Each structure stands twice: as C-alpha cells, then as structure tokens.
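One structure, pasted below without further comment.
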C-alpha cells in the first residue's frame, strides 16, 4: 500500500478516534460536573451574555424609541 | 534642460494628465451607472451611514433625555 | 563593601532622592500653575471625563429604564 | 521612453492578464453573493474585495510590501487572526443548550467524519493521478468539512498556505449554502415519522455550570489532545470571559470591537491568497468539489449518528438536529429547525440543534489539532 | 563618578539642547492651536504631544527601541496606518452629493494642480540653489496640496520619510487654516454675481448607486492608475462596507474604534518625526512656504475650473464650490458655504460643495499614485 | 511506531510533568480568586488562564511560534502593551482631588520607600546567600512596591524578563489583598484621635487646571527625570486627551476598546511567563515574600509621612490617607475611607485619599525611570 494512503488511513484512525474519545470523555465529565456542582439555575443565569450590558441598554432604547414614536403620533 | 527639471515637467504632465483622464472617465462611468441601474431613491437611502445604529440610538437617547429633563422640572 | 551593596545603596539614594525632589518640585509648580491660571471652576468642570458621553447616555438609559419598569407595573 | 508610452504601459488595461481579469470577476461574484444573497457577508465582503485588490496588475498589494500581504504575514502566517476570532466566537457562544443535553456532543463528533472522508477523497484523487496532493494538503482540504471558518483558515495556514484562498472560499461559501446543501440529505436519510419527533424542553442551566464548562473543556484538551489547545484554549478563554461575569468590559470588547477589527483584516488577508497565479489552478477545482463532498458526508454522518443513538437510547432525539453537528453556526441549527417545522409545525428544534451545533465547533477543533500534529 | 554628578548629568536640564527646547515649544504651540483654536485636534493633539516626547533628551522615545519609533516603524514605514485611516474615511464618506452631480468631479481634478505647481516650485528652489530637493522630495512636498492628511503621510512615508514631520504638520495646519487661506482667493477670483449663483436642489441618490460607486471607482483605478489602488482600494472598501448594509457591525467598528485607535498611533508616530535634528532644518521652512503656495494654487485652480465649466455648460454652478475641490474635508465645503451665504443669505452651498470636496480626495489619491510610481 | 502508541504518546496525560500540573493548579487558583473573590479580575483572569495554557505539554503556546509567546514578544518585550495601558489609565484618571490639595503628593513620594527598601531586602538575601539576585533583578522585584501593574510589568520586562511572571502575579495579587494587608498597619501606626481627623471639603478644580496639569507634569519629567518619560509621557497624553475636551472620540476609545483589547493581550502575555520551568524556582518564593514586605513598608511610609506633615503643617491631614500613597488605585483609597469610617462614621476620606493615590502612580513611575536607567 503506497505510503500516502497508509498515512491517510492512520490519520483517519487517529483523527476520528481522538474526536470520539475526546467528546465521549467530555460527555462524561460534563454530566459529572453538572451532577457535582448542582444544576439549579441561579437568577443571573438566563443564556444572556452575563458580560454585555446590552439587555438593559436595549430595554432602555426600545422603551425610549417606543415613547419617541408615540410622541410623533 | 537639467534632468531634475525635465523629470519634474514629465511628472506634471503624467500627473495632471492622469488625474484629468481618470476623473473624466469617472464622470462618464458614474453617469452611465446611474443611467443603467436607475436613480429612484429606495427608502433606506438617506445619507445616513446604513452601517451605524446611532440614529435609532440617538433618537432613543434624546427622547429619554427630554423626558428625563421634564421629570426634573 | 561588596559592589552589589554599594550599587544598591546608590540606587536607593538616587531613587528616593529623585522621587522626593521631583514630587516636591511638582507640588511647587502645581500650586504656581493654579495660582497663575486661576482656580475658579468653569461650568464644564465636574470631575466627569469631559471625553465620555456616558453621563448623558446613562441619564437617558436610567430614565428610560425607570419608565420601562413603570410600564410593566 | 516616450512619456505617453510610459503612461500607457503603466495602466491596468495594458498590464492586466486574463487570469487577473477572471479573478476580479470572481471577486465581484463573491461581493454579489455576500451583498445580495447575504452569503456570510462579514467574511465574503472583505475576502471578495481583497481578492479584487490582489489581482490589480502593476502594483504590490498582495505580495512583497503590499498592504494585504502584510496583513497576511502578521495575522495568518502567525495564526494570530484566526485564534483571536476563535476567542471572540467563544465569547459569543452560549453553551447552555449543550450543557442541558450533553449527549448531543456525539452528533458533533460524528459530523467530523466529513473531514476525514474528504481527506481520503483527496488522497484518492492523487492515487488516481487526477490531481496531486500531499498528505498535508489533503488534511487542509478535509478541514473544510469542519464547517468552521477560523478553524479552516488556521489549519490551512499551517499545512497548506498556498491553498488557503481556495479552502477559505470553499468553507465560507458552503457554510452560506448550508440551507441548500443539507435539507435534501436530511430528508433522504430520515423518515417522516423521525422528522416529526418532538424533543422535551431543555432544562435551564446554572451559571456555575457555564463557568465551569470552559475550564473542564480546556482541562480535557490538555490531558488528551494538547495539539488542539491553541484553538480550543482561546475559545474557552473567550467563553470564560463571557460567563465569569467579572470581566464584562473585556467580554464586551471581545464580542464587538476586537472581533470586528480582526474579521476585517482576516478577510482582507485571505483575499490576498486569491491571486490568479495561485488560485486559477486545477487544485482549486478539486478543493471546491471535495469541500462540497465534505459538507454532504458530515451532514449525513450527523443524521445517521442521531438515528443510531435512538436505537440504543430511550429518550428519542430528532435526527434532523444531527445535521447541525457540522457546525456552520448558527445556520445549520436554523436549517434543522426549518426542516423540522415542515414535518411538524409545532416542533421547534432550534435550541436542541444549538447543542450539536457548538459541539461541532469543538469536534472540528479537536480534529484540527490532530491534523496539524500528524500531517504538519 | 560622584553620585550627585551622575544624577545631575541624568537630568533634562543638563542634557537638553536649544533645538530640543525649541521643538518642545513648537509642540506646545501645536497643542495650544489644537485645544484652544480647534485646529484639527484629532491629529494635532497626538502629533504635538508626540513631538514634545520626541525631543526629551537622554531617553529613547522617537529613536531605537523607543515607543514612538516603534509606532512609526510598524505603522508608517509599512503604510498600514494611513491606509487603515483611509479605509475609515471611506466608511465615513457619503458619496450621495457627488453622485447627484458627477460633473463636480472636474473641480476635484483641477484643484490637484496645486500639487504639481508646488512640485515645480520645489524644483525651482533647487535650481536657484536656495534649497536642495530631489524629485522624490519635491513630489512629497507637492502632495501637501492634496489637502488630505493620510494621503500626505502615505506619500511622504514612501518618498521622503525624513521630511514627513514637516509635511504632515504643514498639511494638517493648513487644512485647519482653510477658513483663513481660502476666502480671500475665492473673493478675488469671483464676481459678486458669480458668488450669488444659486444651484438647483440635488436629486436624491439611490442606495444601489451608492453600493455600485465604490466598485466602479475601484474598477476604473485598476484599469487606469493601478498605482493608486492601495489608497483608493482601502477607501472604496471602507465605503462599500458602509453602503452595502450587510456588514453593519464591521462598518460601525471601522467608523469608530478602529479609526480612533489608528489615529492615536498615527499621530504619535508622526510626532516621532519632529525631532529637532530632523525638523529644525532650512528645508522645513521651504516646506511650510511651498505648502501654503500649494493650498492657494489648488484653491484658485478649483475656482477657475468652475468658471470655465460655466462657460461651456448651460447649468451654472457657483464657482465658490470649486475651492472645495482641494479636499480638506469637510472644512473647505463649509468655507464655500460660508462665503456663499455672505453674498446671498439664501444660498446654501454646503451639499453642493461636498461633491467637489470628496472628489478632491479621489483626485489627490490618484495624483499620489502617479507620484509614488514615477518619483519613487 | 504502533499507531495507538503514537496517539498515547501525544496525550497530555503521558507528557505532563509534575511542575506543569502544579502550575495548572496555580492557574486555576488565580481564576478562582479572580472570579469568586474578585481579585483584580481584569488582569488575573487573562493571566491565570494564560498560565494554564502555557503549561500544557506537547504544544508550543508560550514558546517558539506559540500564540502567547507572540503576544509577549510583540507587546511586552517591546514595552508597547504596558505603555498603552498606562495611556489608558491616564485617560481614566481624574487629577481633580490631587490638584485641590497638591501637598498630598508628598504622601505618594513617601510610599515609594517600599520599592527601595525591598530592593535592599533582595540584595540582603543575596549577601546572606539565601538567594542570588543581580542589581537589575533586585530593582525589578522592588518595583512590586509601586503597587502599579503596568509599571511593574514595564520595569520587569526591561530589567528581569525571566522574573516577570512572578513579579506580575505578586503585584496584582497584593493589590487585590490591599484590604487585608493595609488596615492592621494603618491602625498600628495611628492613634484613635488621628484616625478621627476630619479633613476640609476639597475645593472644586477648574478645567483649565486639569488641562495644564498633564503638560506641566510632562515638562517637569523632561527637565528632571527623562528616564521616566516613556511611562509618564503616555500617562500624561492619555490624561490630556481626556481633559482637553477636543478629542472626545479618541478619549472614549482609549478608555474603552483600546485599553480593554490591550489588557486582554497583556494578561495572556504575562501568563506566558508562568511556565513551570521558569516559575517554579526558589526566586519566586523570595519574590512573593519581598513583594509583601514592599507593600507593608510602602503603606507604613505613607502613614508616617502624613504624621510628619501634621507636625510641621497647621492644616491637619488624616494619616490614614497616607496609606493610599502606594497607589493600588482605587483600592487603597477605598481602604483608607473604610478604616476612617470605623473611627468616625461621619468621616469620608475617599476623595482626600484619591490625591495620594494617583500621586503614588506618578511616584512609582519616577522610581521606575531611575531604576531602569541605573540598574538597566
């Protein structure tokens, strides 16, 4: 079998192998983690980037814009 | 005529020549373009950076600020 | 006295010396400056970053948010 | 020489080659698709425009001291741009849906088969003498199947810089074409009944889980596939900034100014690889074909994995979300949702599809690490 | 050596040369003009401050590994900063008024005569033995007449880096002085009647025209003056991001964070060229004089071209807007509007003047390309 | 070699050294302190995460072409990152309280004694053969007492790059620990009566004073300690942008996008110096001990100076604000306020403590200049 092909087959073996081993392990540790630290959502959890101040900002903007429109009517 | 001077005159020739040829051509293709694709302004055309979200934001701010001031009165 | 030690003592001498000379001089020129150009606060002085547009923005946001909340009640 | 002759010889009309003209047309086509058809405009506008600039004759733009080549040298040769983008993607990623249903990680794993099948395909083309790819080139082409832009650019920059232009164009174009590529395959491989499967509402995920996840993900990478650490490390760092809640100003800037600035320069730098002499080669055609194959196989593998999981697991999952395992975030997840709604108007799969979707990003980053280590 | 002597010798009082002191005073003057008189503060604050830093003795700031020299080496020697600024200017430019009345492009062309007249002037100074400029230096000085900051810095960085400080200072100072320089010339060359000419309301321009314009502009550059492609290419790219409407987040960042960051570092880097030994030379005086001449001739040429056009064209234009052809955006357009209002209180020329104003940017970028190619 | 063996040998489990494991734990500890205890999170999150990345085996991240080493080489070796951060700090600093009561500058001077006492301490450790530091290393360790992050990183990068990791970690950790370190010392050195001293309301400061201050500060630096000009020059430039009021857009970007982006890359770059082989050495322990000593002595010196000033001056100052002279902005000022409130619930020292607080930044920057010049 030409070297290129054997290299390729090795790569597929290593690659898919690693991907599956890795993600299987990840499923395990993730479930373990959730089990250990508890899964009760805290209030500040909401899928919103806890980072960005956008939510409040947008709330403000939209409210203001709404009002603004009403003015114009 | 010293070389520096002839170089300079060539540059002026090339330069002003290119600038005029280029901008004349640009006048032509621009008019052609406008003629071909039509010049009826679409609604979203308004000279406002279509990019920036400032307009809405500013509208919001100003509206809010206005109200804010009214509060204080 | 080993060289390292003498170097160190020189550094302390130079260092603290410079720091004190410098900051003493700074006290002087600062007081002089304030005396010369006058210290009456102008209106736009307020400790607020004259740069940032935050203050107005925040005022707007807070006002808008306040209103927004009131809506929901 | 006659002044006017000099001037005439300095024009593009005089100097432009047919290839350059063709590439400029291709650049215009990319701009058209990006602006009119909304094909991944954030990348294809800079790439397309950069491609046009790179094919203007008589001036160094994409070579030598040219500005685009400088962007390429400082940002892609070094790997900085794709890694910074990846950090930004991490800061924009919400792992909530994945954490609510970790099993969907398997779908993200399966979909990576597209990468390796394509690698085999590239080798086959070489064996059959149709084209000639080295193992490194084959690996770089395969990564198109990862359906993840920065990963593809990072790998191509390491393994096959001369093919980077074609690989990046293929990756982003097919990511934009996902709504056309995936549905037929998804319908072909699933029964009406399967497409109707409704999935149980995902549980809420706690902030603590979200904070711990990027850390354990990095830990697992460190222990098992260190070669994936640059990509996934930056990704996890971005995500930790986002979820930790103590560095909001850094997270905001990463999600906005920083990722935007980097995207602009990355796109222009990629465009510098669209020079006619480098792009208009038979390999490019092969890359475009193989890339399409990669997307198709990845999609199929994801769907089939979902069906396999339904055989062994009691809690059924809708196989359509398997297709989202290729990544192409968030397009592929939207496609799964759309096809699901066709079968069952009350079936909203979007959030369920986000799990495999981000899992696919992790999966292809792992694959990228392996490829760089063993094919580099 | 005696500790105290060492300390004394390390002070600036001991080391400072008269030249450095003079340059620090000049730096303070620039800061004064920028802060109190609002002279192009965005550039003159960083340039002036950088100039002061560059003349502090006994420490490497503008040379060697000094921070300002690093900014210069990474940003100006490479051409990256001016080109990125130009991209930002493109993203901030609205071509609407130009598209509504393309003929005003001729005014932007005529005003560039200031560039070439000044080039001749520099050569004349050399011939008469007053000063000694090479053709490249003469070209770099001429570009001051382009009245466009990034273009001047880009050209000077390529053709005469040692003169960059004086050229940049002249360019920005005269741009700030446009309200003093132009009106007398405008009044001198126009009759009261001409200044009273009212122009017809500009038509609205469609978004499609605005999207196509940067593309056809780039296409024309590619076909005719490729040497102008780096400058105009980045300019058109910025404008396309702005108008395309599909990459708003990139356009926003370009118009704000990116152009601001680049402006800061560009200004400081320019300041690094204000070192006494480089700036306090007779050439600087010549550059300041020639730069002023360039602005005056450019202004005159713009106005006269407008009058010429009125001879051949039926639709009359107010010659005052010709002065805006030098660029100096948007100051020159405002000046045209102001002088117009003096003659006719109901005559608002601002929007009409924006056409030649941006045309002047294009015109000087084309001239820059030619100068770099033939004098480089 | 056997495929599986190859794969196994490529894992981190197989390659990781005990030292790397220990450093990863230390990195996790830093993240824990930053996220849970809010210890300087803006820096310790990137530093801690970077430290973890740098100790992942089998992949170049903090060495060679690794991304973090590239950040280090481009940003810290060159001094660019700390200087840009310093510019940002200047743009965020309000000199109002200092201008209202310039005498507090003496407190900022006294607190720098911590730097030099620590330098002596490092030399003593060397003389006694416990550790072995050169004069440059001793100086770099001493600067921890400056309680100012960018200054410490800048000096360490110049004088002792191999110790930069430990020095930066010590500096930021102790800055975060100021609320624990300072109060006992403050109470020990002051009587109840002294802590009760109420200070007169600070006068308002005019905008003109705020604009002139950064300029005269720079002027004084140029005349007396030019070696401090890079640090204080960038600091003054940032502050002038802030106060001048004519470059608001530059000031805004500097206070936000620019300082945030630089902070991220600076933190990651510092993390690249947390590699086990470099960090896990006896010197690190010495640095941590000496750094703590530096903070304590600096605090004490500030308080004692305040008491000394009360002996000679009629207008009494509360000695607690002397502790703020170490900088650690704004934490140390808050601590002074807190301890003051304990003694007298109506005694708000915060604004009075801001004066010495920013004075401490200036003082340690001056000290840094001297150290780099004479120990470099």
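Read from first to last, the chains carry the letters A, B, C, D, E and F; within each, the first residue is number 1.
Definition applied: a contact is a pair of C-beta atoms (placed from the backbone, for glycine too) under 8 Å apart; a residue touches a chain by one contact, two chains touch by 3 or more.
Computed from a predicted model, the values in this text were never measured in an experiment.
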For this session: Would you mind checking the shortest number of contact hops between subunit A and subunit E?
Result: 2
For this session: Compare the contact pairs of C-F with those of each option in A-D, A-F or B-D, and report the one where over half match by residue number.
Result: A-D
Exercise. Is the number of contacting C-beta pairs greater for E-F or for B-E?
Worked result: B-E
Exercise. Taking each chain's centre as the mean of its CA atoms, how far is subunit B from subunit F in angstrom?
Worked result: 47
For this session: Provide the C-alpha centroid distance between subunit A and subunit C, rounded to the nearest whole angstrom.
Result: 41
Seminar exercise, completed: Cα centre of subunit C to Cα centre of subunit E, whole Å, reads 35
For this session: Enumerate the residues of subunit F that touch no fewer than two other chains.
Result: 6, 221, 224-225, 241, 244-245, 247, 250, 252, 256-257, 374
Problem set entry | Residue list for subunit A, restricted to those that touch at least two other chains | 10, 14, 18, 60-64, 67
Problem set entry | subunit B partner contacts - residues on subunit E that touch it in the complex | 91-92, 94, 96, 98-99, 102-103, 105-106, 108-109, 112-113, 115-116, 119-120, 123, 126-127, 134-135, 138-139, 203-210, 212-213, 216-217, 220-221, 224-225, 241-245, 247-248, 250-252, 255, 359, 362-363, 366-367, 369-371, 374-375
For this session: Enumerate the contact residues on subunit F facing subunit D in the complex.
Result: 6, 10-13, 15-16, 24, 28, 31, 34-35, 38, 41-42, 45-46, 49, 52-53, 56-59, 61, 65-67, 70, 256-257, 260-261, 263-264, 268
Exercise. What part of subunit F is in contact with subunit A in the complex they form?
Worked result: 3, 6-7
Exercise. Can you name the residues of subunit B that touch subunit D in the complex?
Worked result: 10, 13-14, 17-18
Problem set entry | Contact footprint of subunit E on subunit F as seen in their complex | 78-80, 83, 211, 215, 218-219, 221-227, 229-230, 233-234, 236-237, 240-241, 244-247, 249-250, 252-254, 256-258, 373-374
